[in-house]
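Structures incoming, each one as structure tokens.
Next come two complexes, and both contain chain A; in the first it sits with chain B, in the second with chain C.
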Partner chain A sequence: MSLSENMTRWRYKYVPDKAIGEILSKNWIDTLIPAFFLSVVLIIFGTQMPTFLSAANLSDIGRIYGEYLFIAIGLTIVMMAGGIDLSVGSTFALCNFVALSFINYMEWPIAVGMIVVVAVGAFVGLINGILIGYLRLRAFLTTLVMLIIVRAIVDMLLLDYAMIIGRGFNMSPVWEFMALGDILGLPASLMAAIAVAILAHITLTRLRFGWHVMAVGGSRRSAFNAGIKVKRTVCLTYVISGALCGLAACFYAARLSSASADVGRGLEVTILTAVVLGGISLGGGRGSVVKAALGTLIILLVQNSLIQMGFLSGNSSLILGGVLLAAVAIDVRWVKNRHKVLARAYVSPTYFKLPDLPDTSQGSDSPYALNDKLRGVEAIGLGELDGPEDMIFDRDDNMYCGSRHGDVMRIFAPDYKRVEVFAHIGGHPLGMAFDAEDNLHVCVGGMGLFKVAPDRTVTKLSDETNRSWTSIVDDSRLRLADDLDIAPDGRVFFSEATVRYEMYDWMVDALEARGNGRIICYDPKTDTSRTVVPNKQLPNGICVEFEGQSLLYAETWGCRITRYWFDGPKKGQTEVIIENLPGYPDNINRASDGTYWCALCGMRSPVFDLAQEMPGFRRRMVQAVARDDWLYPNMNTGCVIKFDRDGNILDTLWDLGGEAHPMITSIREHKGYLYLGGIYNNRVGRYPIEGADQNWTSSVSYWGKNRGGTRK
Partner chain B sequence: MISYFKRAMDNFRGSGEAAVTVPSLDGAIRPNHLLERAKVAATAEAPDQIVASDGTVLYSSGPGLYLLGDGTEFHRFDSNISAVAAGPDGVLAVGLTQGGVQIVGGRHDGVVLEEAFSCPVALLFDGADTLFVANGSAQYPANQWKHDLMSKGCSGSVWRVNLANQQAERIMDKLAWPYGLGLSPGGLIVTEAWKHRVSQRGSDGKVTHVLNDLPGYPARISPTADGGWWLAVFAPRNQLTEFILRESVFRARMMAEIEPDHWAAPALEQSDTYMRPLQGGAQKHLGVVKPWAPTLSYGLVIRLDHKLYPLFSQHSRADGRRHGITSVVEIDQQVYAASKGGDVVLALTDIKERATV
Partner chain C sequence: MLKMLNQERIVGAIAVVLFIGFSIGLSGFLSGSNILSLIQNVSILGILGIGMAIGIIGRGIDLSMVSTMVISVAWMLVMVNSGVNLWLALGLAVGFAVVVGIVNGLLIAYVEVPAIFATLAMGIVVYGFGKSFLIGQDVVYLPRDESWFYHIGSGQIAGVPNPVVVFALVALVAALFLKFTKFGRYNYAVGDNVATARITGIPVRPVIVAQYVLIAVIAVVAGVVVATAVTSMNTRLALSTQVYDVILVVVLGGIGLSGGKGGVRNVIVGTLLIGILLNGMTIMNLGYTTQNIFKSVILLAAILIDTMLNPRDEQTAQHGDI
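For the complex of A and B:
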């Protein structure tokens, strides 16, 4: 192996490329943008202004931040539902006036006063909500008008009562605490705002109302079609926004007792800039409270610092406006291009070198030599089946197989002409096995492990396993359960082909060549699943060996078959028994003579083998070339091999040209015949095995002669 | 200097020369199945070129020249024939894979031109005494066209030979596999396979690229009765091939380690072997390869008008077999096409009709 090849190997072993794509696919990735801006702001002002990080400055900022944060959260909720609220500044001013009147001047109890203030805010919000939610007025114009009207009311009130209110003073310690108090060193308003923020975050991400808000903002029509009460949800978001303005005004009133006409003027632009900068999309449906909080913090720091640095207020507004423009531009471009970045970064190939391709030429001494044995095999269910990945037989010789439409099909013995839907599961059924009580166990792509009883009741056995510690994406959900087999004690061992791709992208996994799959054990006694063999290259076929202590599994992209002991003295150990197959192994099943059959679903081509050694080539290909033109493993030719427990190849069956069975994903021996299935095929093939035991069935081989009998 | 920056920019953006995009089959080149449905005029192993000589129609296959009607052998050579041209009075010029051009019949019978013609892939008589020779490549013989393509060959040349004194004059060079020659009133027409274009060389020596951005690699071109042209396109362009042409390390290893038949490169014939790489869209579903699947081989003939603009075309698509059309010839209102990849000579029908699916 040359030096550069070694370098490539080490490079792809230790640099986790796939992490980039997985991080990009996370929802919180958007938060990195405001977090980056925040650090820039901190660095700039922290170095330029000596007093910037002083305790007094931070405490001042903290109090204002608390007040701003209430309003920002309210606006965030409105914007997540696809709306906008420009009336927050005026509402804030009105609530400030009300708070000063009732609490300061009339000296109502604080609790009652605050409730009234919040109610006034909520009432303004309700008017907005009814107009926008129920009467379907434009949010922008409606709240703009509301901004003017409420501001006019405040101005009129101030004209008459400003002097009177200014004389009031509430001596209550609670009121003073709201203004000046600290909890754990943080200003009271900030603590309250943090509590509200946590509540809002939980509501938006975990509770029904929050999901409705996200759904309405993401797609109003779809949300309506899904049965969400769109009008009510929209209306409620404005009510919440108004109420939070009221809450903010309480703290503001307590702190400053100011009833000037400037209160809340221009606040809507400041808060809007803050949340858009934080990454709350103007289009709705995207955002989080954390982002709003980050955005608000940035704006506040900038605003505050600019004033302290002696900029006139006009300059400060100019800068704020510039920031808003930039934030909107970034928002639009990022939302538009995010999925493109993700698509380019997600497929992350790694280095994989296979030994030289074994000889398969016709007439050679190779055990894999080409022949024509599968030419003209009998077709079952031709045109009626669609995608029988695996098939199996019950004790009455009826055949069961999957279909792309999400059904388990039953084909009746003895002539296998009549086809019916045995059970509908919903996902494409792949591997199948019967247990001791004649329940059919099925791996369903995209869904998990299911059980179909003889009376057709469908039960989900497992759709998750333990999450691995190092994975960035949540890999506990089963994405592509593939094949299974059942141990004598009833434990189900099944393979999950890949954790990075969905059912219909499984071949893209070949371009990565990484061990993305795993083998999982489902224990019916505890009804739980655990991963027993992680990080395999598309683990596919599973077959419990005749001795009942070990199983054989095929790694499709690894071109090898491995033994894994789940019981006995070698428990937990693995041993590779066949390496360097000429093709990609799929399902493995028992043969009547104590050996095993394995289907090769596709064959290796020299060009693809070469590409596997050059991960950079594959990555660039994925980025530059259209998806349909990508280089794939050759899945248009398949074959069947027979091997013994030591891994010696005993026989190979070919269908040259791939007329009837271009891709063989499964084989099953039953009463002297070998049945062939293909995930993209429209039939099951039937091939008479020369010299096979005419009475051998897999049911008897696994569970003995008694129907529905006791376990072996 | 500007061209250097343009190249660097193209490489960065994947545009211009560095683009992997291929022209779509649209307009006059909209796909149909006409080649697949055409009548078989003869079955032969890898028929390459068809010529009309002295009232008979001949096609070349391997080292032999055969009569189209009954398939009798007309002439046989020491090595495979790489090009044929017919001149006045039954004279034939034959290029050989081993190199060199032989004259059979006529007043220059027996003349052998060996000098410089290591890869004669197209020949054309202009009167009895002048022969144009297109030498595909200076590096590779005619049967190693795939090597020349995948090494981005650009060493082809066109020569004018005076048969009387056997003086050869090079009139064009640095061509990317000149594969077809024709004489039009405006000058000499040359197809440049690897550049996907048809060029015209005026009598003053000025070259214009008349037909550009073909969706495949053009082969021979031949005149029709009404002054138009038939253009044979022997292999399709493919995004994967275009991409591999940009990947020099991969290309070098592929050429060094893998047999040419199994390369990810354009091919003449549709192949069943799994040793040839598969592209995602060519995966068989329910036993069927889709006609629009990405493919390394294709059958395409394009009818051009007198200005070399495409009028209509006939196709054999990804699910077909009549691929690798290397020559199309119109003889007495009958059009024949040699499908080198499909091992047949076709008699085309429906030639007046526009392409329909």
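For the complex of A and C:
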């Protein structure tokens, strides 16, 4: 191996490229943008203004921040559902007026007064909600008009009553505490706002109503089709926004007792700027309370500092408007292009060198030499099956296989003409195995490990494993459980092809050539799963050996078959038994003569092998070329090989035409026949094996003749 | 018979009824000075309305229109007062408006910010920019000069008040433009269905930019009429709710907010109704805030009816179309 090859190998082994893509794909990554702005703002004003970080200034800012935060949270909830509420400024002013007249002037009890104030805010919100939610008016214009109407009402009220309520003064200590009190050094209003923020965060991320809000904002039509009461959800968001304006007004009224006509004027633009700056998207579905809180803090600091530095109102509206425009522009572009950036950064190829391709030419003495043995194999369920990745037989010879629609199909013996849906699971059922009790175990791509009892009840066995500490993506959830086999003691060993890609993207994993997959053991005694063999290159087929102490697993992109001892003297050790296969191995199953069958789902090509040695090339390809034009491994021709326990290739079955079985992902020997399945095929093939035991079945040979019996 | 009824005709009829009603019921409504002021106000609303209509037909909206009008014309007056040649100042003011229009257009067409949002923020920016850098005082007065330019808002031609003449000219040009030029037809296509327009090969983005430039230029024309009618320009007008009166005029006249429908005739009808209404309310001595409530409720009702007549199409409603 040359020096430069070694350099490349080390470079891709030790530089964690994949971390960048994985960090970018995290949901919280959007929050970093406002957090960055916040630190910039803090540095600029912190160094430019000596009083900026003084306790008095911070305490003042804290009180205003609390009041702003209430309104920002309300607006966030509205915007998450795809709306907008510009009436907040006027609603705030109206609630301030109501608070002053009832609590200050008429000296009602604080609790009653606050309830009335919040109710007034909620009422304005309800009007908005009915107009926008139920009558489907445009949110922007409607709330703008509400802004004007409510403002006019406030102006009229102030004209008549400003002098009177200005004289009021409530001596209640609670009222004073709301204005000036501290809890643990934090102003009362801020403390209350933080409590509301936590509540809102839990609601949005954990509770049903919050999920409905997110769903409506994400896609209104889909939410409606899913049965969510869209109109009611939208309406409620405005009610919440109005009510929170009322809450903010209570604290404001307690603090300033101001009946000026300027209260809340322009507040809607300030708050809107704040939440958009925080990263709450116009149009809904994206955002969080934390982002809104960050955005509000930035705007408040900027605004406050500008006033202290003596800027005029013209300047500050220029800056505010400019920030608003910039924030929206960045947000719109980011939302639109995020997935592109992510797609480019996520695929992270690494170095992988395969030995020279073994000879497969016809007539050569290579064990892989081409032949046409699979030509004209019988087809079962032609046109009725869709994507039988694996198939298996029960004690009555009925065949079971998966389908692309998430069903487990049953095809009845003896003629295999009648097909029925045996059970519906979802996802894409892939590998299958029967246990001693005749329960069918199925690996379901996109879902996990499932069990189907003979009476068709479906049970989820596992959809998670232990999370590895160093992984940035959450690898505890199963993305692509692939194939399985069951050890004599009932433990289920199954492979997960990759932790970095979803089922529909599994082939992109080939471009990485990294060990992204693993083998997991599910123990029915404890009902838990643990990863036993991590970091394998798309581990696929799993087959427990005849002795019952070890299993064979195929690594599709690694083109090798390995033995892993899960019991016995060599427990925990692995041993490669076949290396440098001419194709990509898929499922492995036992043969009647004590050997093993393995399907190769596709054949290697020199071009792709070379590409695997050039991670830089693959990275450039992913970044510069459209997805449809990427170089993928060949998946259009395959074959079946037979090998013994030492890895000697005994036989190879080819289908040269490639019409009936372009892709063979699984094979199963049953009573003298070899059955062939393929994840993209529309049939199961049946090939008579010369000289095979006509009575041998995999399940009887493994579990014994009687149901529930112990292994021979 | 029912087919003869459309929003335009209904609104026209209501305007006539209101006019007759006010003439009989309100003393002073038919007096010469009142009619003159009515016509002035109506013309200004109408000119702005025609600009707004171009935007709304193209499924946009321009909330920065009044700010653009106020700041560009006030800046022009400031320059003239400080000795700059009138025509140069006018050219610069128009240039300023064009820049605002281009920025609006770029934000909406290329950055894809929702129009209503982009122009709301632009309104604030334009006002802030103008007050910070261009105009010192709140009210800028007309210079003492006898140029005919200063009589655009107040004089008469053959007995017809000048503002009406300007309104008529703008309306005529806009109507011809929308009906007979390629750009005008494109505007309808873009408003009707952006995606289809784009697939058909219409340069959607340039059309949208041109739309907002046009609106800004029309805003300057309206601003000149405003300033010359009252011999000053009050920059605080930018903070008022006048832009909603303009939307009211357009929507009430029957131009659907979902775009692609309506024309100059709708604006004229809407303008007449709102002009008569506003004037009547002023004579009835209703306060500014009361008038605001009236207008807003009417606008809300108009939007409500518009939503019912032109229900939003989920197929063509864009993401973020708020």
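Here is the rule we use: the second predicted complex is superposed on the first by the 661 of 712 C-alpha atoms of A that agree within 3 Å, B and C clash if a C-alpha of one lies under 4 Å from a C-alpha of the other, contacts with A are read in each partner's own complex, and residues count from 1 in each chain.
Keep in mind that, in the parts below, a contact is a pair of C-beta atoms (placed from the backbone, for glycine too) under 8 Å apart; a residue touches a chain by one contact, two chains touch by 3 or more.
Given the structure is predicted, the values throughout are model-derived calculations rather than measurements.
In the three-chain model built by superposing on chain A, chain B fits alongside chain C with no clash. Looking at the shared chain after the overlay, A:V328 reaches chain C, while chain B stays out of its contact range.
The superposition places the C-alpha centres of chain B and chain C at an angle of 80 degrees about the C-alpha centre of chain A, rounded in steps of 10. In the superposed model, A:G572 makes contact with neither chain B nor chain C.
When the two structures are aligned on the shared chain, A:P173 is found in touch with neither chain B nor chain C.
Taking the two complexes aligned on chain A, the least Cα distance separating chain B from chain C is 17 Å. In the superposition on chain A, no chain A position is in contact with chain B in one complex as well as with chain C in the other. Residues 82-84, 131, 135-142, 144-146, 148-149, 151-153, 155-156, 159, 220-221, 269, 281-283, 312-322, 324-325, 328-329, 332-333, 336 of chain A touch chain C in their complex. The touching residues of chain B, when paired with chain A in their complex, are 14, 20, 238-240, 243, 247, 249-250, 253-254, 257-259, 262-264, 272, 274-287, 289, 293-294. Here chain C touches chain A in the complex through residues 107, 111-114, 116-118, 120-125, 127-132, 241, 244, 247, 257, 287, 289-290, 292-293, 295-297, 299-300, 303-304, 307, 311-312, 314, 319-322, going by the rule given at the top. By the touch criterion stated above, chain A contacts chain B in their complex at residues 386, 507, 583, 602-608, 610-611, 614, 617, 620-621, 624-637, 656-660, 662-663, 680-683.
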